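Let me begin by handing over the structure; questions about it come next.
The letters A, B, C, D, E and F name the chains in turn, as written, and every chain counts its residues from 1.
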């Protein structure tokens, strides 16, 4: 449930609103549920509200870990096939 | 509009229409002098051509050589003006395209206007001039028309129904029931642009994007295509309901299965972005200047080259192929490497939360 | 789309699937529930089940807000729109959900009710401002993720003294549903994939009770790699025999969730005594209603909408589907009289519903098999 | 309606449309399966013909021999059902007539439906069946069509735009600009019936009368007329704005004066009575199954006999003659013995108190 | 139509005209005013002037309710419809009457005002009943004939407690206008044709004062024979030198008028201090307003519609046309910029207006002559 | 002003209303401004209300008088022409 997508904050607007960008599409959403959002942050948007800030570092770490795991798995598989 | 595309006769119409400030009111649909003036000063002047100028309730044109082709569509778009076009140009392009999808050369258009009382005359003129431009650019004149005015709250600005007549050369047999196993599926350019451009301007949905409607006349591309490759099995424009609806319709009509490759689908990033924002599938989003073509696989590359060289075809691509399938499903091989069914849902896609 | 596309890498996914395979102990079976309809959707859309080793079995959970809303609540929404002259604002998801007598909001609208689809509660507020002479009600549905926007709307309406605005509140709580599943017919679950966007609000702590009951819990994001990662982590927990709550969605999910959002909820909404769920029955402390301080904005009070329990349609297996007890294709109506165009049960409406997801993405596999 | 006039495919459409209780909703216009079902079960079954059954967005017909004629009209009538007809039969008759007024043989019709959400499916089917009957009785098939659905409050039940194509034999030159001094003016029957039948059912106006709309197809009468008298100068149907608007239009188009004899005008007593009640002029009231004919005076009696022998022409009459008049006025010689100008006012006549 | 058609006998009319001719004293001229626009219409439509001897001259009077309403009142009606969110109910006659800036009810409607044409005040009441949430105002215009239906509407509205209904009252009085004509620029009038339908309400007695001032008065019906009969009677009165009030419409007109109708008027409406007429200026005791007992139903009070005097359009000769001082074709705008399609003055709107009647029925005679 | 037409009362309806007939057209109007109207009476209708009762006797008398006058005038004219 709860379709939510990552979007970049490109402008802070009055009344706790902010403009976000998704691949060239811009839309005003409420940032009122978050604190200290700055332009350039990525946030998770759900029904017009930003629900959380996305951490670029964590994203990178996760992806790196997955890729590492994938390579190991790849080797493993090859090993199995060979075996 | 019906009958009188003349210059203003100052004895008949003492004052010109007040286009800057005026609005369509009920007298403009009453069949009297006010209507004649509206027809003359807005429609007649813009569309001006030898057939419309006959000034009758119908137009008489020379004999046509070949099978007759006829099509009609109603245009009810809101907003009336949108990035990349307006209801007027759309009503010209859409019907030209439907006639042309048979392989025919579109010859003539008719236009029936249903106007909501209160429409600014300036808006009406802008729409009509846009239709006139579109019709002239396409070389397909609007030869006859009609105007009705309904009370406020009984229409939505203006509705336009166009009908088109064309002529089909011998030897061409193109239709939704002629698709064959082994055919390649081609699309003439990026998909979803029209629908996203419209949604971006909808009240309570408005978002900003550089995406414009792809509304365009495709008859010249089609002429080039049928000349180069008379063995085209089917042409269809994926309008309402987008690729998803059109392909399902065709799969059912021809009794085949269709397989698309997600990687091959030309979709602009902003169209993808808007679809993610709204929770909708770009395959279900409307197009107004695109066509799907089906031809034997071995002719596909040559046909693609013709399309890419034609107006509005530079982004054409081969996007899939036709298979035997008693279930007549449309499947998508995703970039991810999986396969899914492309459903034929109600095309009125709406923002979802989940 | 940054932070999404990278996590849809099919090649990498196959490698992770291989890693999961490698992790699986032979002759052992791993049954995990993806609680959330969003996960159901991702699994079906990307065909993840086929990628996974046979020993891993995924079952759908009740995490689809449209699916768990009982018919009686749908009827009340239709009544509100049709009989009270209000402008009813609703997310698009609810439009086709069948109530009694095959009525739906979509059909009520065709029959004359003034129903507007909105993308956000902010749009509903705007409609209320623009129509001061009309009553405007918002049909609030959803789990904890969707609750803060409703709560914010209440705060704004009160601050602006929008006396023509109210909320028909149907927000439900994830832990209550999980508890009911685990308390109910025994499904041989070893683990649960927790909904990442719910935790973006409530954090991961509320799931500790389930870990304490022996369930492995991994909270996950919604891209295919997110899910595979979670499945891998669950498999490891099971293998290790050390069930705990883990976060596989760290990029978007601080362990504490969103305290500011919880504050707004606490101010404007409060626990109901009990709430009926489709499939799960009446569950205590499982849903929210408008708080007493905001009673003027409670559509149930304003329009006196009594709740009437209504049985599910005959032969409809939704109640079992939302509990993971039946797979969609086991329902006798699936694909016969129940399709997304003409749904009979609620699981066929939202593409998060188990039946709709299977129809959209998995049907060709069955049929090909059959 | 566009494409799929097939019997119900139970795999595609598990349940038949609930025609007794259902209403058109937004999904019926969305381009998806719901729309395909509506098109198939309502339009396809009713209109069923070889061209529509091609199932494409356009229809392909055999070559036509002669000049092409094209016309279109939008139908926006309220109420949808009225004594003597409904919007469906009207939309068929009206466009057949406009094509035929050139002297042509109408061959094909297209139909574009714009439906307001909420229209009972039973009403839609009734309208469509009536169109089908009218089209079949006239021998002019509906070969292609389109359906759009708009939200409640953005249309008025249903609007139908039809376009017609016909073929015109050599030698016939009939038009609004060809009327000549000395011509006789003929009308094919009693005037004002349609407009009064409609007004009698208008909300806040309702009165009781046995008057029924005269809606009828006139192409067979016209064929008989042009065969008997190829020298007919002009044919036109006095629809919106009635005789007053049509005759003024023609006087201006041909640059002549027209003189009517009140005594000769066929008007039913109840039409006169209703006009007195409402303070309107029967000459300004719409007709939907009448034509005005202009021919040299010495051919008038023969032509009249042909008209009176033709379907829908039994009450035909010679009602006036054409004169030279730089003012291009339409005059009425009253029964009283005076003469007055017949003005070309806004045809939307409304009840007056003074 | 019984009691109408018989009185449209052209042959008989010619004979009566001959009788009038025979009655005329040579070298004497007879100038009569047809007070009423209905008579203007009949005279033009049937070409009676051409039938009459040259010595008889007919001049138009101010008896066209649409024509004598000043621009300021039209503006108020437009304001009421446009700026107060009311449903304005109006007889069709008023729709095209130009107010300031070429605005009209027809155009205000196109621009969004909710204006409904009605055939009767009973229809306006029905609209009020059917729209309890909306204010419904009725634009009342007309002379004494049209007043009782307005008065009845007030009575019914009060009895039914229709709190959303009101009347914008512009009813005017025939004798006041006649008095103003006779008091104004000296027209060499010998007689007046009185409006038969006004007398159906007020009787014929109120005209005695004009007979006392030396005017022959014959009250007439509206068919051509009625008018010819009245002209014959006037001619005889003049010849006899014995001006008096006579009734040439006895079939429909009891000398006492309709006392019941006058009672309803007296109960619901009362005299205004003064009222502005187009062409005649402010006339004391010349119009009615809603009575104090019915003040809740007075749109002028309910919506605070102040009267603002506005000059007639430039070059417009309506003021002279309604007083019989100019014939329509003497207006520089007639048929040039002022036509029934695009009227500039009010006399070009109603077919009772001198200009419209002449345009519709007499224009070809002028042009032919020119 | 004040378009009014003669119509025959064909039915008395509740609430002071009556159905009138004009050459085959029937319409409900208010009879509340008149007393003692019976079916068969002709009344003068204006904006939905009957304003007065038409007297058949008076109508006949008027017409007879007009016709008489017309004949006299005819003779007169003939006399003039002859003279």
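Criterion: a residue touches a chain if its C-beta (ideal position, glycine included) is under 8 Å from a C-beta of that chain, and two chains touch if they have at least 3 such contacts.
The UniProt protein names, listed by chain, are A, F = Hydrogenase maturation factor HypC; B, D = Hydrogenase expression/formation protein HypE; C, E = Hydrogenase maturation factor.
Keep in mind the model is a prediction, meaning the values are calculated, not measured.
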item	value
Lowest number of touching-chain links that must be crossed from chain A to chain B	1
Any chain in contact with chain B as well as chain E	D
Between E-F and D-E, the pair with more C-beta contacts	E-F
Farthest chain (mean CA position) relative to chain F	A
Between chain E and chain C, distance of the C-alpha-averaged centres to the nearest whole Å	71
Interchain centroid distance [CA atoms averaged], chain A/chain C, Å	21
Centre distance in Å when chain A and chain D are each reduced to the mean of their C-alpha atoms	62
Separation of chain D from chain F, taking each centre as the mean of its C-alpha atoms, in whole Å	38
Residues of chain A touching at least two other chains	1-3, 5, 22-23, 46-47
Two or more partner chains touched - positions in chain B	26-27, 32-34, 272-273, 276, 345-346, 352-354
Two or more partner chains touched - positions in chain C	1, 4, 37-38, 64-65, 91, 119, 123, 142, 146, 341, 352
Every chain pair meeting the contact rule	A-B, A-C, B-C, B-D, B-E, C-D, D-E, D-F, E-F
For the chain E and chain B complex, residues of the former touching the latter	96, 106-107, 109-112, 336-337, 339, 341-342
Chain D residues within the chain C interface of the complex	14-15, 23-27, 32-34, 117-118, 152
Contacting residues of chain F [partner chain D, same complex]	1-3, 5, 7, 22-27, 45-47
Interfacial residue positions of chain C with respect to chain A in the complex	1-4, 6-7, 12, 15-16, 18-19, 22, 36-38, 63-65, 91, 119-123, 142-143, 145-146, 148-149, 152, 195, 197-198, 200-201, 222, 225, 229, 232, 250-254, 258, 260-261, 264, 352
Interfacial residue positions of chain B with respect to chain A in the complex	200, 207-211, 269-270, 272-274, 276-277, 279, 352-354
